[in-house]
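Residue numbering begins at 1 within each chain, and the chains themselves are lettered A, B, C, D, E and F in the order written.
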Amino acid sequence: MITTATTDTPTATTAAAPPAPAAAAAASAAPELPPGLALQKVDERIMTLNVGPQHPGSGHMRIIVQIDGDHIVACDPDPGYVHRGEEKMAEYRNYITNIPHLERPVIHDSCNILYPYVLGVEELLGIETPERAKYVRVIAAELNRCIYTMYWLAIYGIFLGHSTMFMWPAGDRELLIDLMEKMTGARVTHAHFVPGGVRNDLPPNFEDVCLRQVNYFEKRIKEYADIFYDNPILISRTRETGVLSRQDAIRLGTTGSVLRASGVDYDVRKKEPYDVYDELDVNTNVMTAGDSYARSRVPWLDMMESCNIIRSALEKIPKSGSVRVKLKPNPKGGNDTVYKRVESGRGALGCYIVSDGKPEPYRVKMSVGSFRNLIALPYLLKGEKLGNMPAVYWSLNYWPVEADR
Amino acid sequence: MKTATGIIRALNSGVKHLAVKRFTLRYPEEKLEFVGDGYQFDPSTGVGIAGLKGRHMLFHDHCTGCQLCSIACEGVAEAIGMVKVPEEQKQNKKSIMPQIDYGKCVFCGLCVDACPFYALYMTNDYELSSFSKEGLIYTPAQLAVKPYVRQDSSIQITERGATHG
Amino acid sequence: MSVIAPDFRLSGFIRSILDNAFWALLLANLVGIPAIMMVLFYIEMPVINGELLTPFLAFTWLADPSRILPIVHAFMATDLFRVMAFPGFGFAALIAAGTIFVERKLLAKLQLRVGPFYCGKIEGILQLMGDGLKLISKEIIIPAKADKPIFWVAPVIFVATAAAFVALIPVAPGWVVADVDLGLIAVFAVIGFFPIITILSAWSANSKFPFIGGIRALFQMVSFEIPLILSLLGVVILTGTLNLSEIAASQSVFPWIIFLPVGAVVFFTTMLAELERIPFDLPEAESEIVAGWLTEFSGMMYGLVQLGTYLKLYAFAALFVVLFLGGWHGPMVVPPFPEEILTEGIVMGPVTAKIPGLPLFTQEMLNGTLWFVLKTVGVIFFILLPRGVFPRIRIDMLLNLGWSKLIGLAFVNIFIALGLLYAGVLGPGGMLPQ
Amino acid sequence: MADPVFVVLAVVTVGSAIAALELRSLVYGSIALMGTLGGIAGFFLLLDATFVALFQLAVYVGSIAVLILFTVMLVKRELIFKKIEDKRRKFAGVALMLVTMVALGAIFIDSGIKDITTDEPPVDFREIGSDFVTYYWPALILMGLILAGSVTGALVLARREDIEENGQRTS
Amino acid sequence: MVNELVDFTLVSIALLGIGIYGLAVKRNFIRMLFAIEIIINAANLNLVAFGRFIPESGGQTLALFSIAIAAAEVAVGLSLIIVAYRMYQNVDVADFRSLRG
Amino acid sequence: MVGELAGNYSAVVLMFGFAAAAMAPALFVSRMVSPRKRSNPVKFLPMECGQVPSGEGRTHFMMQYYPYILMFVVFDVMAIFLYAWGSSLFELPKSATLPMIGFLGIMFGAMAFALYQSGRRRIW
């Protein structure tokens, strides 16, 4: 009989994750988490599968799955294959040159991942952002959220074996990428947000083009319902699989669409509005089922909501005005710490900046949605069929590079 | 019954899309249209002008050899180095100008933001490729050339779907 | 200088080709020609145009086209021609190749993209040839602990079994490779080989993912064989024969899909599952088990498995046409041949000769083939379409579908057929003509 | 006298029967068993019993062999390649085989079946179908009972009874 | 070149002998199952052969029944193997002495 | 004449043999044409997603669906038996359906039990 060393339980990492803000009250009343998540000694019946890192069904990570026939006995996600030390690198660069680096973990959501950093630096340096710049930022952030979600949706489609659902979002995403390119000059890594506004003003005639393409985009994503979201095969595959109850979702510290799919109405844009979100009409989509289907549907509904936000922002944006405050070269912050949170495509994304009066930050720490959602994976996969693994795994709205940073 | 109608609806949607226009941009034959002449920066107001962040363009008669672009790049990509140029410019006493290694450049445009003398802009040229790493290093003389970029395709939204045309 | 293969030298490549040609020539001379001579010595040669065909005569005739044609004619009347070319392997492989190309273009159109585009100038028509060249020039990697004999033989046997399946399909009246009285049972017997080949090749690779994929393929094929068999019983009850040609001939007035739509739906679904097409492509579910039982196949072995798969697809589509859509029946669209062509033949350029095939290729046969191919292409379209529309199903749902729902529907179909027969609607002495 | 096809089939059948029992690997043994079963199907074809031949192929090769192969693959790898027997037993077995074959062969050859030949047309497979539901219908029902009983029994036997309802293994 | 009844009978006898040898010598449960299959096939061959030469459909009918029952037997036999293997981690019949229930 | 029907089936075997004989050279040619580099033992490891393979590739791996194979063996027999009956239905009296109905009834009972058993996946 072969025996392998029992690896650490992922429970240890659970405690280290920052608790979700809404979880504080529910934490005491929450039931015990399901036991037995550790990888088992290798029984004769049990086969250990390495899913990843070179696997079409894993991201840049490894999931060690132990299966008994077709049932998953235990599962241990093993991220860390794409760690690049962005947080450490940020301590050696000044506040401006950090910008192209900090957006790298999620390049197709680069505006959103830069957003909390920029907000934090503005607070550190005491800059007042012009009104028009705030609107431009919101438009860019919402466009970027859609771009990210389309990418995520494309991969969700191919994970479920639906190649059309890979190609359509990948193509329709191009509409928004085109807008972002007109707006910022780069297709994915925009480096557009800077402390004190955005790098450049909107190009002429941008509002009309944006409105037209966003309207068409919304029409397109509504067509996904027939072929994907209302498809009976998809529904039967994802319904009732990987059910995350409301209490577990809060207790495990999940965030974003995963939290909203479990029935918790939590959205940073609504609860702690930043920039001009309090002037816009933001609705959140909440589903109560908490299964893979709900988790896959909430981002899709969020995209339509983003389209609404973009439209209303385009209406309300001041027609003229500066978009950027002129900064001194090498700005310095005081002895201060600041924590800012925004809603990214994957959920609440916080940035914690410690300044010690130098042009470089003393510490930059990002609290990302991907990692917090990944923590739920072993709990959801235990006892599931092997065929449910990709459906549950990718419905967690997880992006491997962001988890590693 | 619901299953059957769902399956029929999905099939119907699939067949309907056989008549929708193709979205693909056939790249070497068609090339995208961009806004403006590339990303530029106005140091007097501190705001950029929207445009593609492509290959840089260096105006030799403006460049003073102040190395601000190189310093801005240090924390990002370390792609800009200052090299001696043979020519004599009266504003450029040291006769040094930036030389950009596009094997390293990430096209963030922070060097353009850093230039206070209207010397370094970005252009629409994005087709940079070479057979060797050395070929990607653009000397100041190469950077001074204004590129020609064919732009003939943009997204058209019609009744039968969006397409590049 | 190429970066991908730095050791590549054109001279070395040419030399290897020359080496291979040399060895091939040598082997042909040392082994091939004596073997041919021995075979010719023992086999009785046919009599053509009143002369006994000896090898010597055949070689002399090669120079004169008008005298070689009778040999071709005689060859076309043999079983070997049927096996190699028309209703057999060549025809099926042609349709299979066309299917691969059409699948790629159709899927691309559905997904709003272009598909193969550059190879062959016109919409990438030569893409398949390019892929074949690529596959044949790739290294075949065999895992270290694999069971080599089984691993090598499995793809070949896979293609051969698919070809044996093709052999049972009648294409036009009288045009079938093997006209057997128990064609349908023979089809079931042949289908039964696929799970064995799959599981053996999966086992021999000695790797986890192929093994899981092979077991899944086994469960899937095996489970859907029973609804497949049962769904065709209705047709047999109504026709009273198991010969596929007779079943096709019995639908001259109306196809069976009118009376047995339930059976057709069940058969179509099981067909998708047996072919491992998309809603049921669990054995190759790439996001779960890398590529299933094909994971360790590389190079031409993979190409052979693909060829076998598409041959199987053609055979199943053709079986659907024969059983439910009336086979070769259809309005006569081919114009009747002029009288003199049948008797005199066509004048072909400077060399005047009769086209020997024409007495074989009658008007009915061409018409039947045309309709058969049209219907088959239609069925293939419906087999390909789900790939763009449906996600993959899960194995327990699949087995549940096959065992609970499809078998029930198949029995419903049987009882419909029985009812039609006993109510006197169909069958001998029935109300409707047959 | 037999024709070449018959000789080839006989060699394949008997040879693969021996191989099925004597090959070291159980998987190869299963493949050899498939050869035997296919050879028997060939004999059935030579005997004009086409329905039985194809039934043999579909049932024996298509399903029984698959089941055997699958079960062999469930067994541990070292057992697949292990042969458990002793020498004396083997000699006794060979002797028993030879005695059986010689005795039965002598009896058969001596019994005058050499003279039996036939020129009658083969039996149509439809007659078999008629037989099932007319003359042999009690046997059909009995066979249904046997099949039903066997599948029930096999399922009851093969399931893991040591599993509690909560999914934990106790032994 | 006509196949005669005695040829088929001789092949059948050869298979029967091999089957008996396997049943007597082999201690591996799966191999014993193989031997049983070979014996059943020998019997079927005889049934069909005699049914052909004394033209009657009964031979084939009985052969069909025989094959069907062989299928049932294999199903039960293999589930027995599964049970025994699960209990003893072996397929050697010598280890199955205490097999009860 | 014994063995006259076997001739029809020879074409199937011929087709099988022809396809095998035509496809085996493809493998052979591929082997001749393609590069063969044996220097890298890692290349010949079985696929384990980039990790060093651990454990047996072919283990005691019984998925929870084993009963379906058991059922297949029995119901395959049943299904092909139905063909013997179905193809001769024209020549039979209507009363001859009764034994078949009885047979099917018994098999339906067995199938219901088998489906119930195989549905309880936890016990497999």
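Some notes on this structure:
Rule of thumb we're sticking to: contacts are C-beta pairs under 8 Å (C-beta built on N, C-alpha and C of every residue); 3 or more make two chains touch, one makes a residue touch a chain.
Note that this is a predicted model, so its numbers are computed, not measured.
Compared with chain B, the chain whose C-alpha mean position is the greatest distance off is E.
Chain pair with the larger contact count among D-E and C-D is D-E, by C-beta pairs in contact.
The distance from the centre of chain E to the centre of chain F, with each centre set as the mean of the Cα atoms, comes to 20 Å.
Averaging C-alpha coordinates per chain places the centre of chain D 16 Å away from that of chain F. Our note on geometry: chain B versus chain F, Cα centroid distance of 58 Å, whole angstroms. Residue positions 3, 46-48, 50-51, 55, 58-59, 62-64, 66-67, 70, 73-76, 118, 122, 125, 127-128, 132, 143, 147, 149-151, 154-155, 158, 160, 167 of chain D are each in touch with at least two other chains.
Within chain B, contacts with two or more other chains are made by residues 7, 10, 13-14, 23-24.
Counting partners per residue, chain E has 2-3, 52-53, 64, 67-68, 71-72, 74-75, 78-79, 82 as the residues that reach two or more other chains.
Those residues of chain E whose C-beta lies close enough to touch chain D in the complex are 1-11, 13-22, 24-28, 30-31, 33-35, 37-38, 41, 44-45, 48-49, 51-61, 63-65, 67-76, 78-83, 85-86, 89-92, 94. Of all the residues in chain B, the ones that touch chain C in their complex are 7, 10-11, 13-15, 17-18, 20-24, 26, 161. Listed in rising order, the residues of chain F touching chain E in the complex are 1-3, 62, 66, 70, 73-74, 76-77, 81, 84.
Across the complex, chain F is touched by residues 2, 4, 42, 44-45, 47-48, 50-55, 58, 62, 69-71 of chain A.
Touching chain A in their complex are the following residues of chain C: 107, 110-113, 208-209, 212, 278-279, 281-282, 285-290, 387-397.
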